[in-house]
Every structure is written in C-alpha cells, then in structure tokens.
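Take a look at the structure below.
The first chain written gets the first letter, and so on, giving A, B, C and D; residue counts start at 1 in each chain.
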Amino acid sequence: MKHKHIAVAGSAVGLALLVAGCASVPDAAELDAQALAMIKSSFRAEGIATMDRLEQDLGQKACSSEAAPSEAVARQIETEALASIKWPANGQYVGDWREGEKLAQNGRGMTWTDKVALPTANGANCYNCHQIGKQEVSFGTIGPSLYNYGKLRGVKAIDDPASAAIVQYTWGKLWNSKAYSACSNMPRFGHMALLNEEQLRHVMALLLDPKSPVNQ
Amino acid sequence: MADPMRIRAQAAGDKATVRVLMAHEMESGQRKDSAGKNIPAWYISEVTASLNGKVVMTAEWGPSVSKNPFLEFAIKGAKAGDKVAISWIDNKGDKRSDEVAVS
Amino acid sequence: MKNAKPQALAAAVLSLAMGTALAQKTAADGIAEYRALLADGNPAELFEAKGEDLWKTKRGPKNASLQACDLGKGPGIVKGAFVELPRWFADVQKVQDLESRLLTCMSQLQGLDAALIAKTPFGKDEQRNMEALVAWISAESRGLRMNLPQAHAQEQQSFELGRRAFFFRGGPMDFSCASCHGEDGKRIRLQDLPNLTKNPGDGVGFAAWPAYRVSSGELWSMQRRLNDCFRQQRFPYPGYGSDITIALAVYMGVNAKGAESIAPAIKR
Amino acid sequence: MNANRRQLLSHSATVAGLLLASGVLGKSAWAAGAAAGKGAFEARSLADVVKALGYGAPVESKDVTITAPDIAENGAVVPLGASSTAAGVKQMMLLVEKNPSVLAALFNVTPEVESSFKARVKMGQSSNVFAVVVTEDNKVLFAQKEVKVTLGGCGG
C-alpha cells in the first residue's frame, strides 16, 4: 500500500534528519498516541455534540484503521453486540411502513446544529446508503440494495412462523449492526438510542411488510 | 455597494455570446431565519443590456431566480471591440452597472 | 466524473434491461447532464475577482496588502502555491494549509486579529474575505497537479497523523472519514464519494476544493468542507485551522499527488 | 416596503420608456402588476401569468424550445434555457409551475438579440418548467418539460 511505502520512506528520511540533528518521524506507537492527543485537542463541544463522542468503545477503537481487527477481537465485538440487543418487549416487531418510509428518507439528527439528541428528533438515514423503495431514484450505495428485502427472503406474512428468523435478524441488525459484522459501516440505531422501538418497528415494516412498496 | 459583475462577451460568426454572473443574494422571501422570523425578499428585479450605448434587451426578474444569477444571451452583429454594458437594479433600489469589450 | 460519459448515457438509453440498473443509470446520467449545464457559469468567478482585489488592497491596522505574503514559494508568489499546500513553514515552525497560512499573513502583515477571524462563523464578516482569497489563490493554480512536499519530517508526521485521523471511528453513528470515503464507486444519495485513501483522479476530491456550493450559494474552503463533514459525522466541532484539519488535508493532498486541480469547482 | 415598491415602479417606467424608444413595447410584468394590483410575478399558473400580462391563452408550440435537466441535483440552482424559431418575438419567459412565484424571468427581446436566453432558477420541488414566447402579433407560444428535484447529500 502506498502509505506504508511512504511511512517507510518517511522513517528513512527521519533517521537521516536525526543524524543531522533535526526532528524525526516518531514510531507507529508514538504516532498513535499523538493522533489521539491531536484529535482531543482539535475539537470542542458544540450544542448536543459533546466531547464524550470522541471516547471510543471497543468496536470503534478496533475498527479505526485500514487493517481489520484480529479474529478474536472481532468475535468479542460481535458477541457483546448480540448480547446488547433489546428485543421488542411485547413481541411486536412491525409497525407502519408509511412511517418507515418517512424515517428512511430523513437524514437529520444528532449533529451540532440539531437541538436535542432524542430519537424523536432523528431520521433513520436509510436512503443515504441504501436503495429501498423503487420510486426513490436518489439513493446511496454504501450499503446493499434493500429493494424487495422481504420478498427476496420469502416473507409472505409478518406473523408467519417461517419468517421468524429473518424478522428477528432484521431487528437485531437495526438495533446493533455490529452483532453480525464487527466493523459494519451501519450505525447501531437501537443500541446508541438513535431510534426508539416504535421507530424501529416502522422501519421494519418498510423492509418486511408484504404490503410495503419495497416488496412489490 | 454591490460587488462587480463578471461579464464575458465573445464574438463568433455574426453574433457575440454574452455570459454574465451577478453577485446577489436573491433572497426569495420564503425563508425564515434561525429565530423563525421571515427573511424579507431581496432580489434583482430588472436587468438592462446595451451594445455601444444602445439598449438591446431588458429583463424583469422575480424572486425565483437563483442566488448569484447567471444569464446568457447573444447580440446580433456585435464585433470584437464593441462595448457591452449590463446593469441591474434590485427591489431595494440597489444597483450596479459594468461594461466589457467584446473579445 | 466517471458517470458523465456520453457512452454511459447511450448505453442506458439503448439498454432495455429491466428494473433498478436502468433507473440507476438514468438518474446518474440526469445528474451528469445537470452538472454539465452548470459548469459553463461558475459563480466562484465572482469570488475570484473579489479575492484578487483583496490580495492587493491595503487593509488592517498596518494598512498593508497581502502582496508580501509567502504562501510557500516565496513572498508574493501565488501561482502554483495552492497545489503544494499544506506544507512546512519555517517562520512559524508549523505545517499550515492555505487558510491557516493566510491567517498568519493577515496577522503579521496587516495586523488583523487571527484568533478573532478563526472564531468568526463561516460566511460572516472577515470569513467572507477569506472565502474570496482562497477562491482566487486556488484559481491561480487551476490546471496544475497536486504536488505536496513531503521532504520535511513534520510534513511526513502530519501525513501519518492525518491517516490515523481519517480512520478514527467515533460519535453516536460510528462514522470515520473512511466510512464514506474509503472505497471506490460509492455514493450518498446521488452524490459520488471520492475514495480519498488514494488519488481519486483529476479534479475529484481534494483537487476540487475550494468550491462554490450551489446549495448555500457560498464559496466553501477546505476548512469549511471538513467542518461540515465532521458535523455530518456527528462529531464535536473542529477548530478552524486545528491540527486535525491540517493533518487530514496533508493526508488527502499527498494521496492526490498528480491530480489536476480544478479549484474552485462548482458543487451541489 | 412601500418606498421599495415605488422605486421599483418608477424604474419600471424607465425601462418601459427605453423600450418604447427602441421601438419595442412588450407588457411589463411589474408594471402590469401595478396596474392590475396583482402582477404577473404574483400569478399562480402559466395561464394566470399570461392573463396578468394582458395576453390571450397560451398554445404549446414546436417553435419554442426549453432546455432543462431531467434531474436537478439541487433545487437551489436549476439551469433553464428558452429559445424560439418563431418570427417577431417580443418577449420570452421562464416559468416554474410549482414555485410560489411561478414567473421566474421575463426578457424583452429586440431585433438586436437572438431569441435565446439561459438563466438559473430555484425550484422548491419537482415541477413542470415552461419557456414562453410572445410574438409581435400577441400570440403566446410555449414549451414545457418536467424537472425532478432530488434530495441530495446527507440530508442533515
């Protein structure tokens, strides 16, 4: 990789400069420490965007370089994430797909220009990264297409026992995406309190309800 | 005073194509400020173009024209060295005139 | 833009392939057509003209122009300076980007209050002058290729810190710069996301900013671009000219080596 | 407000005077507004704009061309163009059907300029856009196209 090459070249030049009495580029561990210090000192709290947002948990830390975490760390992240998932108390997984579509379109929330850090002030951001309903041509491609999500997975009715596994998986993925992929790019909507249970049910309906336009 | 316009007038064949960029907010009157108060409409309402001092085109604009407006049109028979002048006036009475030679 | 090729349009029109592939191509071609229509009159020109005037105008308590400002190629040399920034400046013993260097010059030459300007919100007061200055200075390097120096140890260190900052995940949505800009061929909505871990191509990514933003009708410097990236990343607020902004610019700029600068570009 | 309006109107009179001097007199959108109390810029549809200017019903025509993108990446700036092959064009207009102010721009054409203009307009939502031509014998011709305004960026 290019940066590795540069890093090596940098060290060589640094060494030469050191001999000449100038500063050199520190080693990798020292750079890691300097980077963290730089990040802390470069930001300030603004509105709801407080400085604790820079405190990394295990998964954030382990997924902060080009290199994937070790197999063991990845397993640990996924296991902890799976255990964190809160399943709907009343066993009710699905709400109104129309509300789900509104949430999917809405990319607002949690920035320093937003007034409150509450799920009710947030959108679900889905179309930023995914194709979902076919009528919306302005969709992102960071995540996979979710068009026909339920149909492709054979969901004929929400309460069909045959669909229980996919319904539960989808809830879990929305609640804490890292349960199924340690370094997933997808936010942890339930775990980080970005969406509440009712909102998650609406997004679930958008994806899984056979009547949702997503599954037509 | 308003910032200067950028005017380009290029002769090709028997006409000169004129491209104008104007520095203006073009506030629609539909927006609210952070305190929820309506921001009053503020926009260029009239534009006049002349060739060597003679008016060749006038325009009337509403608040739907975009911020920092762009305008393109062509003057027949204009040759290199001819003077193209553009002036505008906005709904607050602010105005601006600029002139270029056709290249 | 890769999607802007007429062949793609022809292919989309000729293809009778069903469903999403066609819809997607048509939308991408529509956007390409929109961008082509805009390219002909970029309001950044208005800012360039103002910036050139500002550079030559005597201002501030010291009633001086910026014409003695050293942007890295010697006092008063503007052409070609932009594509070599950020770089190490011996006088301040720091790596500086265009905006932080301008603050130094405005303070030293003109006696203006750099800290006050750094604190001024984007699009207001002296920051408006900053927008005009970066528009003109970047335009003076239009068509040249990005060529950031990496000879000085501090420049190399800045690159390494920038690389680490680029991959730093945090905030309530677990985003890093790499979440959106770490792979080829991705989009948010219909906007292409340049892969900034390498040279994303001529006039793309780092080689396109500063740019006139159609959405706000303002000229955005790289400082403002990064600021809004961090806002959307749901991070706290980065200081103007703070170390992380400089380090990220070095990382992106060095990665973009050889890319032709089209700044100031026009963007959604 | 009133002072601005007066200034505007007096300037409109100046423009009308200039047009008269140059041998062309199309109906002024702002002046018509003053006379009718409800001007062309306040009209809510193509038909109303044309009516506010004192002309008859508009007719769709191949002699008018509208250029506009199929999709706009941002509604704040949508590039539009109007051109015409009709003889004796005295006015051209650009309209956005679903804007609060439908009439965006009106151009008074003299024989010294081509019947072709490009400008950029704001669009609050996806909408039809119109290019309209008024000829010296007061015929009103138009062309239309639909422009889809997309949501862009992160949306926050």
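Operating definition for what follows: contacts are C-beta pairs under 8 Å (C-beta built on N, C-alpha and C of every residue); 3 or more make two chains touch, one makes a residue touch a chain.
Just so we're clear, the structure is a prediction, and the values are computed from it rather than from any experiment.
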item: Partner chains that subunit A and subunit B have in common; value: C, D
item: Distance-maximising chain from subunit B - centres being C-alpha averages; value: A
item: Chain whose Cα centroid lies nearest the overall Cα centroid; value: C
item: Centre-of-Cα separation between subunit D and subunit A, whole angstrom; value: 47
item: Gap in Å, rounded to a whole number, between the CA centres of subunit C and subunit A; value: 26
item: Centre distance in Å when subunit B and subunit D are each reduced to the mean of their C-alpha atoms; value: 15
item: Mean-CA-position distance for subunit D and subunit C (Å); value: 37
item: Where subunit A touches two or more other chains, by residue; value: 111, 113, 127-128, 137-138
item: Residue list for subunit C, restricted to those that touch at least two other chains; value: 26-27, 41, 188-190, 217, 231-232
item: Residues within subunit B bordering two or more other chains; value: 26, 66-67, 70, 72
item: In the complex with subunit D, residue positions of subunit A that touch it; value: 105-109, 111, 113-114, 123, 125, 127-128, 137-138
item: Partner subunit D, residues of subunit C touching it in the complex; value: 26-27, 30-31, 33-35, 37-38, 41, 188-191, 214-217, 231-232, 268
item: Residue ranges of subunit C in contact with subunit B within the complex; value: 40-41, 43, 45-46, 49-50, 217
item: List of subunit B residues in touch with subunit C within their complex; value: 3-6, 19, 21-23, 25-26, 66-68, 70, 72
item: Subunit C residues within the subunit A interface of the complex; value: 19-20, 23-24, 26-27, 150-151, 153-154, 156-157, 159-161, 163-165, 167-176, 178-180, 185-190, 193, 197-198, 230-232, 234-239, 242-245, 247, 254-255
